[in-house]
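I'd like to ask some things about the structure below.
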């Protein structure tokens, strides 16, 4: 069954990009990268019980790592491999003090870390400052350069697949069970011999690594990085995606990211139609984001995937009882 | 039993599928002292919460004639507030409004509290806090006091004083008391009637005197040392008084098992 | 020397604004255990309405009161959504307030547009010990002081205030004595809304307000409030003033390029030190 | 937690739902592709603009004026008989969204009008280089024209141009010692501050002290204290948005008597309204269009009046700087297409490089080496008087 699930996903990821019109491939790439970051956020929230409002920091760290290395002539593959490593190292260094905090304290702390990072980046001349880091070469391995969007679509699919596979294995592992215990009751978990702090830090680092890897691809795909590319709202977006899809499920991040990205695209198209008032796109955008988040948290606290699952199981039960 | 102040019939409470209370019937008459004993997890706290209206029952009815006030398990002080403020807030629902929040009658009833008025409730000893909890409950001018785990974690001498106060209130003011206790010996000693709650159901009920001799009860709740028929273990001396005598003195051990109870009649 | 005095008095003026936002956060957090991310929105809405009222000829004083009232009403509404449903955990409520903060953007832009607004406050310049500063800062300080005094009186001396403190101190016990904890939570949200509104109304004349001014307010407010563990209004006041003075001193003797970092690093340090001292509080976010 | 196997079944199912909805949405989005058949082929112009996020105050003005210019051209019969068809995409003040928007627009557009957000523009420019599509940029970042990108043409005067115009004013007004304060987080401000320092020597101006602040700053007394203790004869401030307003208000109360000099980012009601009376007497550099009513009759005056009349009639207030940029951008593009005799991308590009056109922003003269087009001649140095921008004597001389 497990094989089948991944088989279907793999097939989809391989088959979908060529079918998309080229102008929508960019949406696909960013969607897939967002889903990969959200896998980490979902893992962190669903399994380790921690809200991060600064996940875009690790996306940015990965992107700048890959971008800066590439600009200084490092082979892109090395840069891409370094991106998750540096992001994870940053997460370990930050997490050691920060993960003493819980709940809203951690939420604010991660938000603060992102604000500090953005502020420092904007003043760092070596990273391009506020104007941004320009001239990042395209991704290449050996002599083969990844030029068109289709290539990046597959690259980002690979990143998402890695994130999903690793997440699945972590969830199924002994460490994963320990984490789930820690999320429900830290005291009980500690009492039963789970090294809560260590696991929590490990998941934090892992989620940062996912974000870093996705950020690395983003850097090569866009060829330009700026502090403005990683606003706080982006971090909130990942939380919305994770919550809407469903925390602690494997499918949740993918569904959440898909729903949000598509909805935002549709709204953007709608808001810029002729005859719409000039504030329409802004108002629609904010309102729908907000309402989706509030309604999901209050009425679908487990997210779309489990909710859909319940509906399906309900109808199956009915079908059975009729038989 | 006189006219019931509290009457519970067929009370059922479930948490997420698990049944905590299952068809409980229970009544406390006017001015009556009733005990409810049961082991940990039998559903005592659930019953208290349902009685105070903090939980919505799944089925069954709870009828309270008059006012009910609760002395919660673990005292549940407003730790940052003074003793006087704790008492005042006890009168929050008192129908007499501001006048009902006058705390001076409580200091007459529980003179030990007078000197503690300005102290932070969180800084008091367990026994003092229990006294505040009783005083706070009395501020609501209740007809029945539901006392959840009076003796928990308190020294025997302290418990004696508290029981003394409750008896006085009972005899002088006709206050009915439903005492929910793990210390069965203490509960059966103080009260006239008693219920035994086991895994969400009333397993036994009857006169406290009779229950104290019931082999099942002694085995399960009185440490198994008291033989059926009232045979006393060497060194243990139990006499169960009617519980109505004014000024009844009681010394009680903190725990049911191996507890040593004396009640002078 | 007069430079130093000027920095300090100006810092106190700024800090008083932070303290008002912080005290709103504290008022709500104590009673409901919810960290209200929409706190900055109260300030923005109040300031926007005040600007509109003043623009349409409503006299000073009345317009400001209208703004504060809107803050209180908004607070109440946010409270209804955030804690109105029984069984909503504080973590869930936090995310709800985050969402409502974003929803406020939509409403603000719909009504007032996305342009910055401001209005005149106390005109002129005051001299304090040889240091010059905008006279309006003195008004901010002069209003904040009594507001905190009234709050202290309210929480310590009135039954309603005591009931609020009781909910903060022991929620279960409050239910036991018959205090409607949810209604108290809503009252706390309304008070928090009024305080947030006051912060916005008072600080706008020396700055300006845009729909997204709330981020800076909430971050500085939280930084001030966290000093007192989010539960002590007095410490939040001290925290706000300290933060304001620290920022002006850093700008005065260091440089203005790292003002944000000062507040944020201070906040992080305080939180981490507090956590190290008390041990991690098991508090799941959801 | 459910079993992983079941989770994956759910995954595969939800993914197929997601795919289906993706396909439907994309099909719906693509629906407008085939329109425009019949009659003359329209000129298709795509606009990437910040309608949401931090830069929406600029973006909305850009969009209003671009739409106004397109309507006007169409009403007058179009360009070479062909109507202009405008497609607008929001970049949400995010560089990657600008790239998305560009990808959506590039195949169906004859030219692109770019975002007012410099980061968005800089993210898009590598793609412009690859796609070779004329790109009219509405953000002033110097990095866009230095080095020259063949298809990128900048409409607003760049920070460096503003800096030089200010220096000319300082020299003429015998202000040789100037204090500088700038927002370290704004690329516009950083570029302006750099430009000022780089060229100050040429105009005999020394820059001291140099003060830094952040976009989020709300309090500037430290800067004023430092300036007061220096011998500076003027304070020049480079900033955009909120800090400029707060700084101006506090400057009025600071007791400093030297002139406060601001730049084009403040040359609009977006600054004047919130700053209120505190803005009185402040010196602000702007494009000439902002002070169009003081222009002598002539080609420039006509161009400015055309925009001011139409814009005021439609939106009820005079066009701010960002509206002039949008309007000028469309005018430049239309003129180039006219000159190229069609929408062939390379020909339009070549036409732009040889173009000289008077717009409400001034007279552009793009060349192969200069894709900025505006010189300091079209920057007016104004003073705020009674809530209006009035050219200083220095500028009035120049305008004549």
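In order of appearance the chains are A, B, C and D, and numbering begins at 1 in each one.
One rule holds for everything that comes next: contacts are C-beta pairs under 8 Å (C-beta built on N, C-alpha and C of every residue); 3 or more make two chains touch, one makes a residue touch a chain.
Chain labels with UniProt names: A, C = Branched-chain amino acid ABC transporter permease; B = ABC transporter ATP-binding protein.
Since the structure is predicted, the reported quantities are computational estimates derived from the model, not experimental observations.
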Chain closest to the middle, measuring from C-alpha centroids that were averaged per chain: C
Farthest-lying chain, centroid of Cα atoms versus that of subunit A: B
Chain pair, most C-beta pairs within the contact cut-off: A-D
Centre distance in Å when subunit A and subunit B are each reduced to the mean of their C-alpha atoms: 55
Subunit B-subunit D separation of Cα centroids, rounded to whole Å: 77
Centre-of-Cα separation between subunit C and subunit B, whole angstrom: 45
Inter-chain centre distance, subunit C versus subunit D - centres from mean C-alpha coordinates, in Å: 36
Residue numbers of subunit C (touch at least two other chains): 114, 257-258, 260
Residue list for subunit B, restricted to those that touch at least two other chains: none
Interface hub residues of subunit D, defined as touching at least two other chains: 56, 60, 184, 214
Which pairs of chains touch, using the document's own definition: A-C, A-D, B-C, C-D
Residues of subunit D touching subunit A in the complex: 1-2, 4-19, 21-23, 25-26, 28-30, 51-53, 56, 60, 63-64, 88-90, 92-96, 99-100, 103-104, 106-107, 117-119, 122-123, 126, 141, 143, 184-187, 190-191, 214
Subunit C contact footprint on subunit D (complex, rising order): 54, 56-57, 60, 184, 211-214, 216-223, 225, 241-242, 245-246, 249-250, 253-255, 270, 273-277
Contacting residues of subunit B [partner subunit C, same complex]: 52, 54, 70, 72, 76-81, 85, 88-90, 92-93, 98, 101, 136, 139-140
Subunit D-facing residues of subunit C, complex: 3, 6-7, 10, 14, 114-120, 124-125, 132-135, 203, 205-208, 210, 212-213, 216, 247-248, 251-252, 255-260
Contact footprint of subunit C on subunit A as seen in their complex: 45, 49-51, 97-98, 100-109, 111-113, 115-116, 119-120, 123, 183-187, 232, 236, 239, 243, 247, 279, 282-287, 289-291, 293-294, 297-298, 301
